[in-house]
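Labels for the chains are A, B, C, D and E, by order of writing; each one numbers its residues from 1.
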Amino acid sequence: MILVLLILIPLLAAKLTFFSKEAAKNVALLGSLLTLGLSVYAALNCGTENLAPFALNWMPAIGAQFSLAADGMAAMLCLLTGIIIPVVLLINRNKAIDNPGAYYALILYSQAGLMGVFLASDALLFYFFWELALIPVYFLCSRWGGERRIPVTFKFFVYTFVGSLMMLSALIYLSLQTNGVNAMSLQNIVAAGKALPMMQQHIIFVLLFLAFAIKMPIFPFHTWQPDAYEQSPTQVTIILSALMVKMGLYAVLRWLLPVVPEAMAYWSDTVMTLSIAGIVYASLIAMMQTNIKRLVAYSSIAHMGLMCAAAFSGTELSQQGLMVQMFNHGINITGMWVIVNMVENRYGTQDLKKMGGLANTAPGIAIALVIISFANIALPLTNGFIGEFMLFTGIFQSASHYHMVFMAVAGLGIILGAVYTLTMVQKVAYGENNSGVLAVAKMNAAEWTAVIVLIVFIIVLGVFPQPLIDLIGIR
Amino acid sequence: MIQLAYLIPLFPLLGFLVNGLGWKSMPKQAAGFLASLMMLVSFALSLGVFFEVKGGAPDTIVPLFNFIQAGKLLIPFAFKIDALSSLFLLIITGVGFLIHVYSTSYMHDDEGVVKYFAYLNLFVFSMLLLVMGANYLIMFIGWEGVGLCSYLLIGFWFKNRDYTNAAKKAFVMNRIGDLGFLVGMMLVLYHFGTLSYNELFAQVSDNQAVMSGSTYTWIAICFFIGAMGKSAQLPLYTWLPDAMAGPTPVSALIHAATMVTAGIYMIARSSVIYNHSEAALHFIAIIGLLTALLAASIAIRQYDIKKVLAYSTVSQLGFMFLAIGCGAYTTAVFHVMTHAFFKALLFLGSGSVIHAMGGEQDIRSMGGLGKKMRITQATFFIGCVAIAGIPPFAGFFSKDEILAAAYAHSPVLYYAALAAALMTAFYMFRLYFLTFTGKFRGTHEQEHHLHESPIAMTFPLMVLALLAAISGFVGLPEVFSEHHALNEFLSVAVTNGVHHHLEHSTEYMLMGLSVTLVVAMILFAYAKTKKPDFQPNTGLAKVLENKWYVDELYNAVIVNPLLQFSSFLDRIIERKGIDGGVNGVGKLVRWGADRMRLLQNGQVGAYLFTMVIGIVLIFVIGLFCVTI
Amino acid sequence: MPIQYYLFLSLALFCIGVMGALMRRNAIIIFMSIELMLNAVNLLLAAFSKMYNDSAAQIFVFFIMVVAAAEVAVGLAIIVMVYRKVHSVDVNILNRLKH
Amino acid sequence: MDILQILFWLLTIMAIGCALGVVLSRNPVNSVIFLILTFFAISGHYLLLNAQFLAIVNIIVYAGAIMVLFLFVIMLMNLNADTEPQKSWLVQLAGVVSGGTLFLVIIAAISRANLLGVINTETSNIGLIKVLGQVLFKHYVLPFELSSVLFLSAMIGAIVIGKKDME
Amino acid sequence: MKAIIAATVLAILMMYAGFVVKEKKTILSIATLLLAVLLGVNIYELLTMQEGATIALFQYQLTITRFSVWFNMLMTAATLLYVLLMGNDIIKVGKHTGEYFALFFFILVGTYLLSSFNNMLIMFLGIEIISIPQYILAGSDKRNLKSSEASLKYLLMGAFSTGILLMGITLIYGATGEFNISKFSFLQMEYINPMVLTGVLFLIISYSFKISAAPMHFWTPDVYDGSPTPFTAFMATIGKTAAFIGFIRLFHTSFASISQSWTIVLAIITAATLFVGNITAVFQQSVKRMLAYSSIAQAGFMLFSVVSVSALSWQGLVIYGVAYTIATLGIFAVLLKLKDFTFDGFNGLAKKNPFLAGVTTIFIFSLAGIPLTAGFMAKFYMLQAAVRQGNLMWLVIFALLMAAVSAYYYFRVIIAMFFKTGEPEISELSGAQKFLLVLTALLVIVLGIAPQLLLPSGI
């Protein structure tokens, strides 16, 4: 029942938010805090009776059930969603938003979709939530985004829509290979996929992989991402980069790897090559960016590349590391965007060239920026390191012939990551005050709260990662 | 006592937390006092630990908690206390304490002093983790932690863009090395399944036969790449001279005494592995020697007081790696220790000078400072003597041991190293003479301002001078005493490689040769600086002044091509290629729509016509292409 | 008389009808061409009726005629309506609806 | 070659010739006349095929009623060859070619058929009015009724379309 | 059978009502009432039929099954919904209001025939009974030359396709000597008679015309664009679905055994239809014309039901037909409220009238196949049927790519409504209309969550 509530509460909160005009942000925050409480409860009770799977007959004709289940990975991602959404709602509280009811309601709708994606154990349900998470975000970006928002988010929408349709066809194919009873359930899909001959596995693999690769996104399917991140309101960018891209990885782990293991083994070298090439590629391009949001966007592509490579490396360690890193990356990139948001609000620009001297005017933000940046480039004793270390170890130990090359090239990402991140820090925080900015407002209480929460996660999980590792280990 | 070793890093951490969290409200004096106090406590604890170890306490693992436990991967957060780490503890906390004390005065006027002490404490904490960790991962944590602090402290005066550039450069170059370290760790994990020193070294000693030599070589080289970054060896040394952008005590602590020697510590720690790879050792020896020569040659022609010291540090680090390359790990550690004392001394002395000069660092504007700054002059002189290798000062013993090891290894190494040592003597005394003797060459204002530093600054100078003078005796060579105290102390933790024994007569001969030549060099330096003229350099001198154009070379060969390549990727591949492709599909669809639309031209005749053609096509496909 | 003869004849008529529909601009002539197509079908049905000795096909022909008559009634009404507006039955000038 | 065959060929030539006349003649009135002639030829074929009733109906309904309707409309509109717009010869050629291609393709397809046989020349009584009547009202009463529905709708249509809207 | 008779009788009643009653509103009420009666008759017929029963009438010229009655019921209900949604606009079209409604009844008769014919003659008559009223409806706005032009184009091409249909029927008859579609015995033949194949192709072509599949689709945009908008809505939905039921009935009953010889052709037609419909729709400026192209595209999807010969395809057709019909009717109902039919006419609708924008979004989502709407489940069933067929994976993927293209033009409406600014002119919505629009939108969502409502057991 908890599982249903995890989806239901954001939905109801969204409904309420939609009709509460001025109080929308507070209603939304309350709703999201309630969800956070639930998701914490779920994470603590993962693996016990309290989190028993939930199933309801839905469309027997096509074998679809309304079935939810949570293992450690799902509970972890729900927890992440639960944490990130309140943070998203905390920032920008002072900013006047056009039609706040709809804005916050859509955020909560996408939260419901995300929760659903992570909890669904039925293919059709999964697909439903997959789209449910996407569409509110599309509206958010297109309605409240930057200047070029309409074409950009449209590209994003159509691109991911193509991917999800490919996934749909694969899921239909798989469901038809079962005996028809609950044909869409995860177990049956997995069983059907495993039994497929090689040729069909290849097709299914390609179809599913396209969908997930676009969502993550990995090179070369990524071009929607920098544009979309740049043009979206930063709050939405957070949802996109911290949570939505995790859907892709999650889907790889849950709906791709177990389903077509043989094709997966066959393709792993290719995918790893792509992902790892993507790390270097995105890092190099990030170095060239003068727009702070694009820079962070490319850095996110680089990080996703590493995670994707780990997902396909086929070792247990890298999978665990991947899950850890999913959580940590969610926290870190959120932190990054929170800072970017503050910086953007204060400077009134996204252009790095026009920034500088933040450490003078608002040292608190600068310190937070430095901490989060270092978490982002995986400095030890921050959470980013734990994940990346496990990922690297996993990739290195993979059975691929080129595991050392993969690891070494991926390692270049560490160096390049340091280069572009520190350049950004330097341009934003250091140097003389920019002439255009004389009075930079300090952080307000809500922003403090958001930043402190994130930094606490960064440090605590960097020093004591074991609870997280234990959580994801629960089957 | 040893079981309480975790307290040693805890106090600096505490200092960091208090100063770091209270950076807004902390009074300046309190911050410095607190930080120094924490260091003092740590130092006291370290002393306790050291003497316990010296008193024969066995190697101890101090476990704290399980850091990462996932599947087969188990990495505990634990400390290892043995001779090596206890020695380093002593150096770090001792020198660290002195420099903290020095800083309370030196940084007195800076607005960011609370932040400064927070960083400094954080640095000590990280450095302690580095040397105390019981496995490579903990070492790596410290390793990157000190890199972080180095970054923060180099860029301490963040308003200056050059300083922050230097900070960034330092961090990135360190990261390159760190990647090597990381790969090394991966290799260790892959082959041995553990990162813990005890388990790893036990495995290495047990089943030598299982692993091929190249495995060890790869691991060793990878670790050494890490050391190259951190300890500023060729080709990753260029960050260290730039790192002088930080406050001078920082240069003393981080970029001379402690952090840069982390590479030595790591290799000494991994001596078991290195002993399995001759190739790696040769490689290290060559790199070390080249670094020593190159840096020394650059130092000859530098005019910035801190730059001279920085290149000297690089050069001395080269010496240490040369020692390691010759299999003499303990000698390297010995030199680390002596170097920590005299180089910290020299840096702090230069800090004192800079303090007096009101921030001026160019020795061309100095001269004759000795008259106003007696203590500084005296201690600086001791430092110079020590580094130049005049007996019985500390540098003589450690350097001589290195030269001896090099000679035992190969006379070629020896002569090259000797050349570097002579250059050292030359540039150090050139610096000394230009700074402290002769006439003052700066402005009147500066001359008026000249004064001896306060006691908080001179006290550490004196202590360090004392140490620089006498610390060499812990490593009296065997020709002078029955046993080598330091070697024996370290022998439990560090296994030296094959040791070529030199005849005592040879050793005497070598010592004599080097001392004679060094003295000659000092005289030469005196002669050269008697009447300084600072004409623009030409020829080789110009090349040296411009640091062999290495930075320019890096820019031309690596940085700029990389930037151009990135720009190419960004502008052409990303925007035109991939994004253009994606958008191109959209454009194609729209273009197609525009064309297809024209088919619908409103003419019934045309519609019928197209339909008939369609029908014909359908018949052709349906009747002739489909085989039934 | 082989059935092919009738088949060919009626297909020929059918295709002449198609040609007429393609070649002419006069809506009435196009409509007549289509009537020709229907008649071709009728003829073929009659031939098959004879071949199978089955009167059902002939019944079918009646219905085709009925439908044709109905279509012609409506069709001519439409053509007249158009003619009233544009004073022409040229299909080529009727292209307000396009693209 | 018996008389029936001669008749067949004569009627065939007449039908095709007149059909071509429908398509090719410039004057719409001529087209109508040619079409009526074609219908006569086809009626002749019906007679050959023992579909006497059909032949009569064809003449009465098609040639008599429908074609007269056409003729009326053409006369009403006062269309003649001079005002009749022609398509360009290229379009006409294309029409001929594609129509011809269609014919060839279908013929090529069907000529592979192993057709069931020949039409026997014996007279049969399936085309007699009595037989047809019986079949129609026994078996095909539903379509018969439905055709009245069809007519009803066509009638409504003719009214809706034909009546002038006075607004 | 009761429904057929009732529809005919009601059509005649309606016709006379049109003569007698002059007040248009009254005629509308009468039409609504009569449609309700017809729906009642349909439901009664459904209820009185036993499960699994097949009623053969008139020497197997009609075979009425529960499925066909169910389908008839749905179509009648859709027509009722249509009249309710757009009645006020229908009566504005021309003078002959009563006749228009009578024509709807006639079209329903044709629909009933197509859902249960068992003889090609009945099929032919059914198609004609559907087509001829549509020619008339297209031309019913006599003040507007476009309407007349649409009507003439529709007529000429429709008659042409009738010729083709008849040629097909004749060739099939020539090969088999049968008009009864359940008696063709192709399986007994050693090889397929090319004449049969030619006939089948002719039939495919003429049905392609009726359902506006490429390359016979050319009439569609022009006719839909030119016809009075309420009638376009009807032709694009119920008229088209009715043609589909005839298509699937003929092909799955008679030609299933030789499916491998025609599925490939039909698959190519499907692909071409999807391509033409979706690609051409991209560049349209008028929403009405875009919907015309989109109806081509949707026909492409519906063709999956014919291409994939399985029991699923019938279900898929019902779901798709209904889902598509409801959503399209909804869109047209909204469109009729706007003065400007171009995309720009929708600019800023969300600000001006959030209610209309909201329901439009749901309809658009359904057409684009976004989950939780009926349109998604419809596409899902179609794809499932096609995937099950086995050899059509390429077509499935192509169709999905085209579905993504369709998102492009459907979402232009959403972009215009929500993200652009403008002052759309909207006519007032009455409470009843609001209620009906909400009902329609709800239907879309309910069917998206529980599509099995459209396929009760025993159908």
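Simple rule for what comes next: a contact is a pair of C-beta atoms (placed from the backbone, for glycine too) under 8 Å apart; a residue touches a chain by one contact, two chains touch by 3 or more.
Values in this document were obtained by computation on a predicted structure and should not be read as measured data.
Using the average of C-alpha coordinates as each chain's centre, D ends up farthest from chain A.
Across the two interfaces under comparison, A-B and D-E, the one joined by more C-beta contacts turns out to be A-B. Using the mean of the Cα atoms as each chain's centre, the chain most removed from chain E is B.
Each chain gets a centre from its C-alpha atoms; the one nearest the centre of all protein C-alpha atoms is A. Chain A and chain E have Cα centroids lying 42 Å from one another. Rounded to whole angstrom, the centroid-to-centroid distance between chain B and chain E, based on C-alpha atoms, equals 77 Å. Centre to centre, using the average C-alpha position, chain C and chain E are separated by 26 Å. Computed from the mean C-alpha positions, the centre of chain A lies at a distance of 70 Å from the centre of chain D. The multi-chain contact residues of chain A, meaning those touching 2 or more other chains, are 158. Multi-chain contact residues, meaning those touching two or more other chains, occur in chain C at positions 3, 7, 14, 17-18, 21-22, 25, 30-31, 51, 54, 56, 59, 63, 67, 70-71, 74, 78-79, 81, 91-92, 94-98. In chain E, the residues that reach two or more other chains under the touch definition are 121, 125, 128, 132, 135-136, 139, 142, 151-153, 156, 160, 171, 194, 197-198, 221-222, 408. Looking at which chains touch one another, you get A-B, A-E, B-C, B-D, B-E, C-D, C-E, D-E. Looking at the complex, you find that chain B touches chain D at residues 605, 609, 612-613, 615-616, 619-620, 623-624.
Touching chain C in their complex are the following residues of chain D: 4-5, 8, 12, 15-16, 19-20, 22-23, 28, 31-32, 35, 38-39, 42, 45-46, 49-51, 53-54, 57-58, 61-62, 65-66, 69-70, 73-74, 76-77, 79, 84-87, 91-92, 94-96, 98-100, 102-103, 106-107, 110-111, 115-121, 124, 126-127, 131-132, 135-136, 139-140, 143, 147, 150-151, 153-155, 157-158, 161-162. Partner chain D is touched in their complex by these residues of chain E: 8, 11-12, 15, 57-59, 61-62, 94-96, 99-100, 102-103, 106, 109, 113, 119, 121-122, 125-126, 128-129, 132-133, 135-136, 139-140, 142-143, 151, 171, 175, 193-195, 197-198. Per the touch definition, chain C reaches chain E in the complex via residues 3, 7, 14, 17, 21, 27, 30-31, 34, 37-38, 40-41, 44-45, 48, 51-52, 54, 56-57, 59-60, 63-64, 67, 70-71, 74-75, 78-79, 81-82, 85-86, 91, 94-98. Chain E meets chain C in the complex at residues 121, 124-125, 128, 132, 135-136, 139, 142, 145-146, 148-153, 155-156, 159-160, 162-163, 166-167, 169-171, 173-174, 177, 179, 221-223, 225-226.
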